[in-house]
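Okay, so chain A shows up in both of these, paired with chain B first and chain C after.
Moving on, here comes the complex of A and B:
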């Protein structure tokens, strides 16, 4: 009896709900379909077209991909990009882990203030930040002129700027805040008594990091990898300003193909390969992060 | 127990205490030095930039040559700088509200209902967060040229919206999932329309997240370089102007001055936002804004 009575409003409610969902979701979805999926589709489409000095030359199949994959410069640039991004990521994690743990466990009074300083560093204009590093590292820059002024060196160290090292230093500083925050958030969820117990039982700093802090921070580390490694890999601004020719990364190569050479077909093919790489990388990290979270959940519950 | 034994024990105890304290002090010093180092890495270069913006020399090198404000005067007499700044501010002022609206709609649509297409919709909204800005920029350039849309401030703005509103969705959705839907259901059962539910229940709940999103969306838009660089026509924005200036001349003191000004304004805005959030907290007892400010 009741069921029959209840059915009518439920049906009405369901159709109401459908109307509400449509009202909320339509505009964001349409914007993304047109201006996000659209450009990505055009990118994919153009990677199969031939472009020359005369303009568009029609469909060429996988020729652009063939050109990219047999181009030795591409592989060199890719290797440079991989080494810079990976080294910078490792450097960042080496500093982000202790920083996050100090912020999460050791600072009591100024925790929020220090976090805000971290966020602020990330919110300041990246161009200004990269440029500031350039003043510091340049051949006539502050570090060199200070060393010369103090009489420690006779000639400026030329390799400070426009090198791989410069790109690693500047990108590490640039992304440090974004790498630290998710690790901090993961550690904040940890019971600090666990670390104290390890400390009381006489675990050294290294053991404490390896056995306790890193496993507990793992979910945050995977988030940091997702947030930082892909932007780092496709970084264009920093190598353009401080990288010179030896710090030339894949982002610069794509920009050169698209904006300078006008080789849109090859540029699109490279971009599309990079897109596939990004999606695969994020997928893997997401999976690993979930496994990591499950493991922490089980180890903390047992 | 003899008196000597008690004494020995007490001394041993004190020794342990003293060594523990010593270790603690050493730890504090190491931590302090570490934090100072991180601070120097994050803010040191900027501080030097500020100092050199007042230095009376066209060459940016030590030793300092004397105090001047002439670079600041030059900033405002350079029409290109003023134009670039104006463009950046206009874009940010348009992009921010659009992103807030789209981002909030998507957040409510994803986190408040259960339906078959929910996962694909969430995936679509999350996708621009995964795709690098470089590719969004390049894709936008090719897309607009394919459709014969001339590049302008509009094309910059559109592509910025695509990359920024999903971030607003993430912030707002994180806030929404902390409240269950019972309030909204109660309001609906009492006969509230969807608009009334949104206006009187949902919006007050997510107000702190919206405030945080507004600040972040503005600075993400203002700071954006990569997407803007590829989708810009002849008009430049502030980051594009800095980039092209640095690529033509090596170190221009005028860049120091304008960078200092922009950084100062950004610091003031974020500080004001933080104070406002503290004020809000004290008034409503809602301590939810701080985490949103941080993430």
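Moving on, here comes the complex of A and C:
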């Protein structure tokens, strides 16, 4: 009798718990389905439809994909996008690494405040930021005027604005904060005496970066790459505002297909191809990142 | 050695050779107020094992970091291996530092760690390999070359840190409490290892420690530091047996410090009248002791003899025993004199008295050769010395 009495509420509690678990699991799945998978499915569906001047023309199979992959302009724009994103990423790392290491090792007093400032700067509306850069980079902008005043140039550099260079400068500045923070976090775990030891053994600043700081910051650099490279690749606003014709990126091409030409099918196909590229990129980064993590596993034990 | 006479045989300048390090009136201030190192001068000879010994915050680590180049002296001159080093950047100095926490590069193998220095000198690959093999041999870790630091024990990591610093063949090796993180047994082994390696490579070692045992065991000379100043610089025996200041007396080893007044002074030594009225003889004394002056009598715990009956000839102090700690071959007693000064004495275990001894008066005596008098200067903070001594 006692055993039966004891068991009953337990069984009930268990089934109650199971109901809760189901609720916990299903609610995020529903959110994902409605807000994430749903629009993607619509996009995927549209990439198989024919869009003409007359409107939607029905199912066409892989014709849109075929059109995109045989479109030489697509490949050209993709190449431009790749070069801009890669160069911007490198420029960004060149600034983010010293910035992160100064924050992690040199600043003693206002470290947290400076970090907050960096995050706040990142929260500024991107549109306002890009317009600010337009003022700086313009033909009569501050940079050109300063260079002229210093006598370094005779006439303003016209290509500062509306060029690939402009896109690289503005985008690398745009994501600097996001790239700096994971690198800072990785460096914070590095014993500063490691750098002193390298210095003591005869390494100058450049060697210290190359041999000690970068390898030890590797996990942070990988996180920064993943966080920044994809938004860089799909950048749309900045090239539209400062890119001109030479700084035309894949995001702008897609926008053109959809909003200007009205070809939703081709635009969707391009978006999907871009998504596949991103997944492949993240996959590669993940593998490389795992190697990085294995290396740094040696760090923490000392 | 005569009363008050201190000779510095190991001083390289006195021996007429070029020293490895010369520090001249070096002062280091941090910010406005704090003086970490206050006007210190010393020289370190080639192939000398030199220790900077003192409590934390005494300026020993700052001194070492100035030698390595991580700190710049506010005033003063540093010459390393005949080269003015004040403005010389860290990576161009002929010194190498063994870090307290080893600071091994975790992403490199032992081989790569040790090769780091020679590679920075752009030596040919073959020579780099030779040097690495050589120093790993010296620290007996040749078989571990391809491992990573995390795969080694603390003692082995310590030896790698030493090998890495030696691979650069510096004129001076700087060591910042390198044995601090090791357990006692390993530490004792490493003391002998360090001394052996130092003799083998024949370069000067500057060794920072707060452990007086370590300093006494390994050093050719010791600079005892306190509050940014060098209190006493000398050979281990001298620092231990004839300290110049109360601080040194209290910091090096265990010492009983008994206050008194100097009554007599002759060829055989000093007579010191203690606070409780008893008169003790001290054969040796530091500079500044004279009849009529106040003195501190320093007696090591192992040199005090416990007397159950009042001894006939030798001078003795009546005391009451307070407690006893059994320490294996010795038993450690604390006792109190009639005027309330606490003293510590060690008695061989097989000569321990009956427990009844705590109930009655006993005496402690000391041979004149084992008592040492220090001037009790009002300027010297006797409280500091008292706080450091075990009898406090």
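Here, the second predicted complex is superposed on the first by the 264 of 302 C-alpha atoms of A that agree within 3 Å, B and C clash if a C-alpha of one lies under 4 Å from a C-alpha of the other, contacts with A are read in each partner's own complex, and residues count from 1 in each chain.
One rule holds in what follows: contacts are C-beta pairs under 8 Å (C-beta built on N, C-alpha and C of every residue); 3 or more make two chains touch, one makes a residue touch a chain.
Since the structure is predicted, the reported quantities are computational estimates derived from the model, not experimental observations.
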### Query
Is this a clash or a fit when chain B and chain C both end up on chain A?
clash
### Task
Name the contact category of A:49: first (chain B only), second (chain C only), both, or neither.
neither
### Broader residue contact with chain A after superposition on the shared chain, chain B or chain C
B
### Message
Looking at A:279, would you say it contacts chain B, chain C, both, or neither? Reply first, second, both or neither.
### Response
first
### Message
Touch test for A:254: chain B only (first), chain C only (second), both, or neither?
### Response
first
### Query
Where does A:288 make contact in the superposed view: on chain B (first), on chain C (second), on both, or on neither?
neither
### Message
Once chain A of both complexes is superposed, is A:214 in touch with chain B (first), chain C (second), both, or neither?
### Response
neither
### Message
A:197 in the overlay: touching chain B, chain C, both, or neither? Say first, second, both or neither.
### Response
second
### Query
First (chain B), second (chain C), both or neither: which does A:126 touch?
first
### Summary
chain A contact set shared between chain B and chain C covers none
### Query
Across the complex, what residues on chain B touch chain A?
31, 34-35, 38-39, 41-46, 48-49, 52, 59-63, 101-103, 105-106, 108-110, 112-113, 115, 121, 124-125, 127-128, 130-136, 138-143, 146, 158-159, 161-162, 165, 169, 194, 216, 219, 222-223, 225-226, 230, 238-239, 242-243, 246-247, 250-251, 255-256, 259, 262-263, 266-267, 270, 274, 290, 293-295
#### Entry: chain A - residues contacting chain C, complex
191, 193-194, 196-204, 207, 211-212, 215-216, 295-302
### Query
Mind pulling up the chain A residues that touch chain B in the complex?
17-18, 20-21, 23-25, 27-29, 31-33, 35-40, 42-43, 46, 95, 98-99, 102, 106, 112, 114-121, 123-129, 131-136, 138, 140-142, 145-146, 149, 173, 176-177, 181, 185, 226, 230-231, 233-234, 236-237, 240-241, 251, 254-255, 258-259, 264, 267-268, 271, 274-275, 278-279, 282
### Query
Can you list the chain C residues touching chain A in their complex?
68-70, 90-92, 95-97, 99, 101-107, 116-117, 120-121, 148-150, 157, 164-165, 168
